[in-house]
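As written, the chains take the letters A, B and C, and residue 1 is the first residue of each chain.
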Amino acid sequence: MKPVTATPVTLAEIAAALGAQLEGDGTLRIARAVHPAEAEGPEDLALAMEKGLAAALAEGKAVAAVVAEGAEPPANLKGWIVVKRPRFAMAGLTTLFEKPVHAEPGVHPAAFVALDAVLGEGVSVGPFAYVGPKAVLGDGVTVMPQATVGAEAVIGKDSLIHPGARIGERVVMGERCIIHPNAAVGNDGFSFVTPEPGSVESAKATGKVVGTNVLIHRVNSIGTVIMGDDVEVGANATIDRGTITATKIGSGTKIDNLVQIGHNVEIGTNCMLCGHVGIAGSTIIGDRVVLAGKVGVADHVKIGSDAVVAANSGVGTDIPPKAVYMGYPAVPRDRAFDQYKGLARLKRLFADVADLKNRVRALDASANVSADASAESTDDRT
Amino acid sequence: MKPVTATPVTLAEIAAALGAQLEGDGTLRIARAVHPAEAEGPEDLALAMEKGLAAALAEGKAVAAVVAEGAEPPANLKGWIVVKRPRFAMAGLTTLFEKPVHAEPGVHPAAFVALDAVLGEGVSVGPFAYVGPKAVLGDGVTVMPQATVGAEAVIGKDSLIHPGARIGERVVMGERCIIHPNAAVGNDGFSFVTPEPGSVESAKATGKVVGTNVLIHRVNSIGTVIMGDDVEVGANATIDRGTITATKIGSGTKIDNLVQIGHNVEIGTNCMLCGHVGIAGSTIIGDRVVLAGKVGVADHVKIGSDAVVAANSGVGTDIPPKAVYMGYPAVPRDRAFDQYKGLARLKRLFADVADLKNRVRALDASANVSADASAESTDDRT
Amino acid sequence: MKPVTATPVTLAEIAAALGAQLEGDGTLRIARAVHPAEAEGPEDLALAMEKGLAAALAEGKAVAAVVAEGAEPPANLKGWIVVKRPRFAMAGLTTLFEKPVHAEPGVHPAAFVALDAVLGEGVSVGPFAYVGPKAVLGDGVTVMPQATVGAEAVIGKDSLIHPGARIGERVVMGERCIIHPNAAVGNDGFSFVTPEPGSVESAKATGKVVGTNVLIHRVNSIGTVIMGDDVEVGANATIDRGTITATKIGSGTKIDNLVQIGHNVEIGTNCMLCGHVGIAGSTIIGDRVVLAGKVGVADHVKIGSDAVVAANSGVGTDIPPKAVYMGYPAVPRDRAFDQYKGLARLKRLFADVADLKNRVRALDASANVSADASAESTDDRT
């Protein structure tokens, strides 16, 4: 699908593009897609697929709308489109009505492009952007104002680099990647070592701090970052390059804002890493893995394909494929739920145990009495 | 209050500006406000309102100071100001002695300002700043070096945009906003969808991964970000724009460094969002809400006005107004405290239960003996 | 050690530089250090110190390698170096084969350097970099393209400031510091105050929200940031300046990506702060402290030297020197392990207590019967 913002299209054309059912007047000409409460006239298409928006649609000025299957469209509509999977329809609708970034074709005179950089056809490089020595920009690449493409970096065709994004030296990106503002890809890894085992090594091994980090040596990052096609890197996210070889991000993987990916990490295809996720060095993540917001993953861990980790979890161990994990430390979801339920009922448990202690004390006492009594009666019998 | 750094003022004038009590020599001329240990001479005003600073004040070179009510000022002082609420006095003092940013008036020749951008009176645009097509800068706006104001963005008067901050296309900001270095406002939301229900949908519904994310479609963000007056956005913080309508930040709301605010989120007035807070898409936050450091809030959640959420909490459910929540998952503070107390005493509880099991086992055994004995004696009686 | 990438060196020379044992042919000329699977010819030195890489080494094209002591080198090698502490050897090896950043000597004509800035010998300032009024760059300082050195900032000699890093006004940095892309050092602190005690103050004191934050006043930051020598600040990390005096970072301290350090914080020497660590205002951290990924530390807390805090922990109290803490709230590691063990066994504990309740109920009943029986037999006896 291509954006259609330039010219109005008919409701029938939109329905056809979505593969959805058209009701009412398909000849309505549509110029914008809007929230039902923000519709201003007949060229506005109200997106009212969520249940909560029915009232806004009925009270608003829209005469054309998109509604979910099963919803009753209000009488003020002249035409509407019925979709089966609203979230998926939103992908199509926001593609039809996309508002692409403002980027002039060609290299702006106030950009810096190294003489030995290689630029493909239809490239756009904005003011104050920097394209370093021997960097390669594929056809249709857009480098927005003030962005950086480091020396020897290779940017695949039709990729979009937003303002302030930093593509480090030697980084290799696939096609159609989107790097959001101020993301930093290809930074030095956080890798230091002490000549003798330091405090973390002793803390992990023995639980005590034996060695101390009096001398810290830097491990330089002479590797890079390699990412596949259709990767997105969120605003202010960071991806460190590998120590010797490359940190790898598979095709189709989407990385949200403020995510940190450590050196030597390998991530498969079509993963979703939500805001503030952090992945420590050398961890390996399979395909289609979803890490919800703020998940932290330790170094040298393996997460299997299709695994889902719930928000705020701290992963310290391997996770098998298709597993759903949560908690800190992260455990399978059922066990985590048991733990939360247990925590919530813990106060009552303490009360129960205190009660039991009293009753058992009483039973002990009474058993002693009873034993004495038995003993007496036994005595009687002898 | 206006900064007075240009010319020394008298201690009496400072006391009057603060509405605070003056003791001793009010004619002392003051040029700087300093930490008591860093006072160098008679023109330095030592800020010694915290208890721990009494010794530094007594041993230092200051002859003028600000102290908290009830504190005994040392003999070396010639004049001092007594304040009732030290934290609040600090606001007034740091305003009096503010060090404003260095920004030249006018548009620097090395800035880029689109021909159709609209600039108010007294605007400052620094070197390598970018102001895009049809952008509007209100009177007195400062765009520091290397900052970005995207196409069609509207910046309210007297706002300050620090170096490297990125104001995305179509973003609307109120007056007197401060956007700190490398913040990114108006990024695309993290919104993707699979044609059929994917792994997260099945994990949420059933706890198991049924669908897999083989195909991922992008939901474009055709909305924007609208923020009120007096909003601050911290260094490297990120605010995504809405899918169809706007992500909204109310007037007076302060956002700390490295905070992430997802698409379609609505935040009321005078909220405080501390460092590393993350708010997922479509969540609604009332007025005067405080989210302490690292709080994560799930998507589509509602937090009532005046609620306070403690640091590191993970909010997965609605929170009522004026509630104090904490924990992961976040629960009312009293219940969280009960849980922590329970956790801390858990080891003892296990020991208690083990002990109880032994004693009940013994009681069971003795009850059987006793029952046998009773049975015997009963037998005897038959 | 100096990088040797320009000219090949012999295997013997590398072994000597590492102080490690040479085996086989020391005359092999080496041009690159590579992952064993990526070796392409005789000039590639395969770094195969990790156990998992033995197979890759045996199957690869390398004829020269570095291996860990005790490993059996495969037959295809002609020469190899044996190291005792592989992680430490990596520091030496990546220094020998370092790939330094591309930076032209001198001030690029498209850079902005204020007329009254002071530049040392051998300084490099890249395109679109900004060096403000009265800023001082020591000898050998590199300011990469699009980076910022604010007015009156002082950068110690041989420091490296990556693209997009923002060094705020008045910040003072020591020698050989490295500031990674888009880091922001010297931002305003997040410091606001209400005229009367606000919601957080009442929540902390009473657990209830009494005051509300209707009026919020700003506390300006008139202090700065002072950092020692050999400090690193990670990509997109943020360090706020002090309110009156300076936020301090000791020599040798390494700060990872996306770390937030609040105003007035003092950090000692040789600390390691991993990704997403957040430290709230006025906290004091000793020397050689390690905070693992995502650790949050409350304001006004003290952490003793050589302490280690495990990933994802939330620190709300002081930590003594050399202690190992973890959890939320963070407690000594042994206690945290007890808590996790307890949590994992909680479901069983509930079952045990339910079982005990049944058995005690039965014992109670039987004790009553027995008591009745005893009573009867006692009756008999009377």
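Just so it is clear, a residue touches a chain if its C-beta (ideal position, glycine included) is under 8 Å from a C-beta of that chain, and two chains touch if they have at least 3 such contacts.
In this text the structure is predicted, and so the values were computed from the model without any measurement.
**Q** Look at both sides of the subunit B and subunit C contact and report whether the same residue positions are involved, with over half shared, or different ones.
**A** Mostly different residues.
**Q** Give me the superposition rotation angle from subunit A to subunit C, based on Cα atoms, as a multiple of 5 degrees.
**A** 120
**Q** Mind checking the centre-to-centre distance between subunit B and subunit C? Centres are C-alpha means, answer in whole Å.
**A** Distance between chain centres, rounded to whole Å: 22 Å.
**Q** Which residues does subunit B have that touch at least 2 chains other than itself?
**A** Only 110, 128, 146, 164, 182, 236, 258, 276, 294, 328, 343, 346, 349, 353, 356, 360, 363, 367, 370, 374, 377 qualify.
**Q** Can you check the complex and tell me which residues of subunit C touch subunit B?
**A** 110, 112, 128, 130, 132-133, 146, 148, 150-151, 164, 166, 168-170, 182, 184, 187-188, 190-196, 199-200, 203, 207-209, 212-214, 216-222, 236-238, 240, 243-245, 258, 260, 262, 276, 278, 280, 294, 296, 298, 314, 316, 328-329, 331, 335, 338-339, 342-343, 345-346, 349, 352-353, 356, 359-360, 363, 366-367, 370, 373-374, 377, 380
**Q** Can you check the complex and tell me which residues of subunit B touch subunit C?
**A** 33-35, 37-38, 47, 85, 87-88, 90-92, 94-95, 97-99, 101-102, 108, 110, 126-128, 145-146, 162-164, 178, 180-182, 234-236, 252, 254, 256-258, 270, 272, 274-276, 288, 290, 292-294, 306-308, 311-312, 322-324, 328, 333-334, 340, 343-344, 346-347, 349-350, 353, 356-357, 360, 363-364, 367, 370-371, 374, 377-378, 381
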